Amino acid sequence: MHRSMIKRSRKTGLPPGSLVHIGLERAEETRIAVLDYDAEHVEEREIRAVDELAPYIGKPSVTWIDVVGIHEPKVIEQIGCQFQIHPLLMEDIMNTTQRPKIDDLGKYICLILKLITFDETVMELRIEQLSLVFSDDVVLTFQESESGVFKPLRDRIRNSLGRIRKMGTDYLAYSLMDAVIDHYFVVMEKMGEKIDILENDVVMNPQREILRSVQQLRDEILLVRRSVWPLREIISLLERAESPLIDKTSSLYFRDIYEHTIQVMDTVDTYRDILSGMFDIYLSSISNRLNEVMKVLTIIATIFMPLTFLAGVYGMNFQNMPELKWQYGYFMIWGVMILIAVAMLVYFRKRRWI
Amino acid sequence: MHRSMIKRSRKTGLPPGSLVHIGLERAEETRIAVLDYDAEHVEEREIRAVDELAPYIGKPSVTWIDVVGIHEPKVIEQIGCQFQIHPLLMEDIMNTTQRPKIDDLGKYICLILKLITFDETVMELRIEQLSLVFSDDVVLTFQESESGVFKPLRDRIRNSLGRIRKMGTDYLAYSLMDAVIDHYFVVMEKMGEKIDILENDVVMNPQREILRSVQQLRDEILLVRRSVWPLREIISLLERAESPLIDKTSSLYFRDIYEHTIQVMDTVDTYRDILSGMFDIYLSSISNRLNEVMKVLTIIATIFMPLTFLAGVYGMNFQNMPELKWQYGYFMIWGVMILIAVAMLVYFRKRRWI
Amino acid sequence: MHRSMIKRSRKTGLPPGSLVHIGLERAEETRIAVLDYDAEHVEEREIRAVDELAPYIGKPSVTWIDVVGIHEPKVIEQIGCQFQIHPLLMEDIMNTTQRPKIDDLGKYICLILKLITFDETVMELRIEQLSLVFSDDVVLTFQESESGVFKPLRDRIRNSLGRIRKMGTDYLAYSLMDAVIDHYFVVMEKMGEKIDILENDVVMNPQREILRSVQQLRDEILLVRRSVWPLREIISLLERAESPLIDKTSSLYFRDIYEHTIQVMDTVDTYRDILSGMFDIYLSSISNRLNEVMKVLTIIATIFMPLTFLAGVYGMNFQNMPELKWQYGYFMIWGVMILIAVAMLVYFRKRRWI
Amino acid sequence: MHRSMIKRSRKTGLPPGSLVHIGLERAEETRIAVLDYDAEHVEEREIRAVDELAPYIGKPSVTWIDVVGIHEPKVIEQIGCQFQIHPLLMEDIMNTTQRPKIDDLGKYICLILKLITFDETVMELRIEQLSLVFSDDVVLTFQESESGVFKPLRDRIRNSLGRIRKMGTDYLAYSLMDAVIDHYFVVMEKMGEKIDILENDVVMNPQREILRSVQQLRDEILLVRRSVWPLREIISLLERAESPLIDKTSSLYFRDIYEHTIQVMDTVDTYRDILSGMFDIYLSSISNRLNEVMKVLTIIATIFMPLTFLAGVYGMNFQNMPELKWQYGYFMIWGVMILIAVAMLVYFRKRRWI
Amino acid sequence: MHRSMIKRSRKTGLPPGSLVHIGLERAEETRIAVLDYDAEHVEEREIRAVDELAPYIGKPSVTWIDVVGIHEPKVIEQIGCQFQIHPLLMEDIMNTTQRPKIDDLGKYICLILKLITFDETVMELRIEQLSLVFSDDVVLTFQESESGVFKPLRDRIRNSLGRIRKMGTDYLAYSLMDAVIDHYFVVMEKMGEKIDILENDVVMNPQREILRSVQQLRDEILLVRRSVWPLREIISLLERAESPLIDKTSSLYFRDIYEHTIQVMDTVDTYRDILSGMFDIYLSSISNRLNEVMKVLTIIATIFMPLTFLAGVYGMNFQNMPELKWQYGYFMIWGVMILIAVAMLVYFRKRRWI
């Protein structure tokens, strides 16, 4: 259940900078896709060996190297060497329990983000790690598995839509982050739909299972929160554009996704409020039900107890019970009983119990 | 129910700066009203084509261009081009899920606010977006639909009431914001009336529907809160008057609406306190009712169970039951029964159950 | 109930700086009392027309002009003109829903405070607005109605008690604020007495009305909180003494009332804690009562149901029921019944139900 | 109950700096003990008249003047004059409702602390005020009554234990504060013992009185919190050692008691968590009990109601009831009844109710 | 239960800097292990007397002196003298109730951390204190007892794995902290497993004991929180590398463990959320159960009360009761009774009670 609880303990005792994959086991091989472009040309390649990346280093065009699969320490290590990335960062990139963060190392900036998608088949969130390293001519992305999130962006580069082909690596980094954050909105909408369904159920049909669903949704939303919250700080750092890697004019773009992040946080907080409100409604509807059950019991008992008592009285075997000998005693007692019952019903009606 | 959940996802994958309307579908055409004034003259026009706006650019008088309807990307785009507004801002203007914010771009300042009105016909809040862009000679406002909020302001300009005709665009911007925030008070008063009614009901007649109303009101108040909260920061930025567009002497005006915003927030927080207090009262009144129901049951059962038992005893068929043959046995047993009943009633009286 | 909900909406649409009285309607005429003093002399006058104030402007002695009644826009406007106070401030002075605030306009400082008194006749709080404007020679106070709060201060000036006659307007302003804040302590003590009474009741006699009282007291304390909270910021601004109107040596005095404000806030927060603790006790005492009611029911039912069943058995009409013919069958069954009842009672005793 | 509610209102209306004792009435006379020491000598005296203090002013040795009893305005005023302490501070020293605070007046520093002791005889906290004024050669302490807290310190000075005899007034002030804060730990341990006892009771024997004890303990802990919380700020001011009265090397000592204060706050917060956890357990154990009571009732009713019904059926007087004439009808019906009872018991066993 | 409540009070009244062991009593002797290394050589020794440490002072190689057992004041005092550590720090090192903290004394830095391990045998947390003092050539560690936490680090030094042999004392200090923090993850995983088990139980089998386990786990997690929380501040101080003892290049390493600390805090907060969610589920499942119990009672009562009444009616002894004489009266009454029972069952089915 607690996805964030992927065992991290196997790293205990290893020296810092040891590359160990912490995350879901995967069988697929690591795939490396290169997309090299400037205003005039685009080149797309699938890479087999890490050495093939060498020619792209120092090339003035923007090179986007997309690494899908981070479970092979050897491949990741080679890439790290190739681009001279600090071993501690490479370690974080392979550790999917890493919190979103930013590290500015002068020559390159490393970002770790969470890619949240909604898996329609199992109706569950899938949170994967996306690491993004960019220098002034290369953008490296490390994904856990193939997600369709960057397809539209790739198309935009291929077809030179928007201004992306004219811009540098900072704009590509921004576009990647924008794609990631846009997907948070998709996820929040799915969540919203789930909440709408639950909200209806909790009033109409407050079963115990609903509570579990509420709890689970709450946990999921907390996961999203934890993925989004650190982004605020990260992006506001980028917005300030203190690194030479980030152009001053990009500031407005980063400010834009900063606003989006705040908006996701707002929605997350609204959902949390709604869900805890639901819990209150659930509790009070249980109490309401108990009240109703008790009213039925009380009404029945209050009507039949006096009647049964009366019947019992005339079932006594005293020799001298004058009423028993009256001609219409039996019918009179029926009359009295009906009177009592009606009086009780009127009383309950008055108290609005029925 | 969750108005803030207007589908935003159709923007996913588009390049930044793409103009897509995110909001309620609307059929009406976009209307553009121009109001051009300085201390001596006023001119009012309804515009057909966006090019007609050209003459107002660079004119020393204050020009207020009021765009009603933001669902036609083409019109909005033309306006954006005309006044050289950054595409990212135009995108935000068309996205009604945008959070209130301020962007100072040097030549102009862009404000996004929420216009909250109370729709008397459906007794509900209507939250619409108001975008406000002002340079040193033009104020652009973008509204989702025609609201009467700015009518009094328009009248003041026409009739040169107050100092508005002598002031610049910053004062007009302030006056517009003031009108918007004044409406928050109107809305809060309506809310207050709703709360007063509910508060009475929750004590007199704690039905389950009340809980829903409380919940709904709580959601509405949260919506207002989310619209007002970011205003504090926005206005305090304006108050500091660091932009050349804002005159130092306007500072006191912005400080004034800053105080109003704080006051709205105070009221919002009071209402939230009152509403959650109501929920507590509701819960405790359910418990109280259960107590009352149970008391009725217990009183009835406690009186009639011993009596029924006694009647049962003298309904037994033992051959040797001396009491049955006593002359006044039957009457004596009635006496005993009445005694028991009275004793019980006295006991309950003492415990203050009846 | 919600005093803070005095209709503010009639101001909607008016230009800023319009003087409209927002507050309780009052019939009395506005009264203006002047107290002019320096170390050697004191002069006290009741003023009829606002022009009579003119001679006091520019006079080196300290002039305290106390305006009682702020519901006559004309009078207030004249005073504002006389002393050249900004129209926005005059507007705030007439609006009793205004939050406490400070405005430093260089030549004068404007303070808006809340005067809280406890009305013994209706046992309720009365929150009124006190506006305080002071320049280097004049102190203006605007009260909603005559309160006795400043009487001791006036006496001290008349009789030259303490150092007040030797000090300037800043010390008078401080003394006025000190008088206001001292009254908060009086109010808090009254609240404390109310709480003590309630605290006793909630344990001894948890009626539903108590909950309402608790709720009401909570609302009242929130009102006080809202009046006191902004004071902290206001006074710490005065303490820093950045205005030429405030003498550096006054700093310690303002620090002193700052401490008092913090202390009032502490008491307010203690009371809130106590009141919400009370609600918890109330809820649990309802549950306790239900438990008791249910125990009585269960004890009665558990004793009499088996007995009634037994009596029913020997009331059956089977022809062949040997026990019925036993000589002492009837007495034996009584024995058995008493045995059962005693056994039950022993069982309940053991479980500590009785 | 609410110690902090000692009537403060009698100060209302008095000029600032008026010496009025706010606190518990006391009968004892004020006692003044002088302890004068430097590295070589120690002198101890009990003082009768305030003038006897004069020779100690300006003497290079450290003089500790311990005033026990602050309820005699005259004595306190004389001391204030003797050492030229600001009247506002003298006023605070006499007001035991004063919050802990620090005032740096250049020539001397004034600290107001709370001395918390645990009175074993009544098992209650006793919170008294300790005021500490130190210049470069004199340390004045004002206590409400004689507490044993400073005895060990006095012994250390007499016997020249540790470095105290070689240090200045700042170290003595630190030592006094250290003694006060060390006593907080003693008090917290007593609290901890109380909590342990309650924690056991709340599970074993959840009586209503426990709730009161929990509530009371919560109040007491809040009192401690309020006394300790402001200390953090006070001590961190001393630690920064910006006053010439405090030697730079003392910084580490003040840092040490700062850490202690944080630790007391930690314990206070842990206790609050534990106490509110207890309340939850109490509530849920009430619910559990209700459940148990209801189970007993339901089991009894469910077993005996069908049996009583059956007995009732064969107690009917229809002329044609074949079963009544069967030879073993009576025994068969007993069989049926026992069967029903056993079936019910098995059912309840299965549901784990018994 | 409250481990943090080890009696601290025996220090009350002692002069600051007095070495008193505050912690669990231990019988073992203090052991001192020395590990001296540089890039070329390693030397390992067990030390008997503290004087044997003298040669390592001033030696350019890195010397790690590991002191296991801090309960012998004499030994600890000798070490303090040997390395000229401030008595106040030595006092803190011996006091296991000390909060995590950092003290930078110029020539050396002193860190106090908490070493948390999970004792598998008793399934409980064990929190011990680890004090770490490092100068430019010596690292001193003080542990309460032998824990295996540093074994892997020792092996890395012996076998020159990673870069540790080439680095200075700051890197050793970092490696020690890294080992400590890595163990927090192990502990959090154990906690996570406990929570998973509880989470299952609370739904399947909500016994009262579960509540205690939840409470206990909550307390344990609070203990971890209190140990980890101050680390953030401590490590961020180290990261800023303002001390000459810390190399600028180490900054990234400290930043790395800073991230880990944040991640532990995140997990702690998630667990707290989950645990309080569990409490809510527990409460609501108690209410649910009560509902079920009451339904059973109500169903039984509602079916049998009318039937018993009917049987009672025909058990009356009136002389004139026509039905009694009907040929099939008895069978008809059975029919009526079965009809009533079926009708009731249908009614309950409809209300979804059965």
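So that you can tell them apart, the chains are marked A, B, C, D and E in the order they are listed, and the count of residues begins at 1 in each.
Everything below uses one rule, namely that contacts are C-beta pairs under 8 Å (C-beta built on N, C-alpha and C of every residue); 3 or more make two chains touch, one makes a residue touch a chain.
In this text the structure is predicted, and so the values were computed from the model without any measurement.
A.B. asks: Using the contact definition stated above, find the chains touching both subunit C and subunit E.
C.D. replies: Shared contacts of subunit C and subunit E: D.
A.B. asks: Copies subunit C, subunit D: same or different interface, half of numbers shared as the threshold?
C.D. replies: Mostly different residues.
A.B. asks: Using only Cα atoms, superpose subunit A on subunit D and state the rotation angle in degrees, rounded to the nearest 5.
C.D. replies: To map subunit A onto subunit D, rotate by about 145 degrees.
A.B. asks: Calculate how many whole Å lie between the centre of subunit D and the centre of subunit E, each centre taken as the average of the chain's C-alpha atoms.
C.D. replies: A distance of 26 Å separates the two centres.
A.B. asks: List the centre-to-centre spacing of subunit A and subunit C in whole Å, with centres computed as mean CA coordinates.
C.D. replies: It comes to 43 Å between the two C-alpha centres.
A.B. asks: Using the touch rule from the top of the page, what residues of subunit C touch 2 or more other chains?
C.D. replies: Each of 283, 287, 290, 294, 297, 301, 305, 308, 312, 315-317, 321 in subunit C touches at least two other chains.
A.B. asks: What part of subunit B is in contact with subunit A in the complex they form?
C.D. replies: Those in contact with subunit A are residues 1-2, 4-5, 7-9, 11-18, 86, 88, 92, 97-99, 101, 103, 105, 208, 211-212, 215, 218-219, 222, 226, 279, 282-283, 286-287, 289-290, 293-294, 296-297, 300-301, 304-305, 307-308, 311-312, 314-317, 321, 323-330, 333.
A.B. asks: Touching residues of subunit E toward subunit A in the complex: what are they?
C.D. replies: Of all residues in subunit E, those touching subunit A are 151-153, 156, 161-164, 174-175, 178-179, 182-183, 185-186, 189, 192, 195-196, 199, 203, 252-253, 255-256, 259, 262-263, 266-267, 270, 273-274, 277, 280-281, 283-285, 287-288, 290-291, 294-295, 297-298, 301-302, 305-306, 308-309, 312-313, 315-321, 353.
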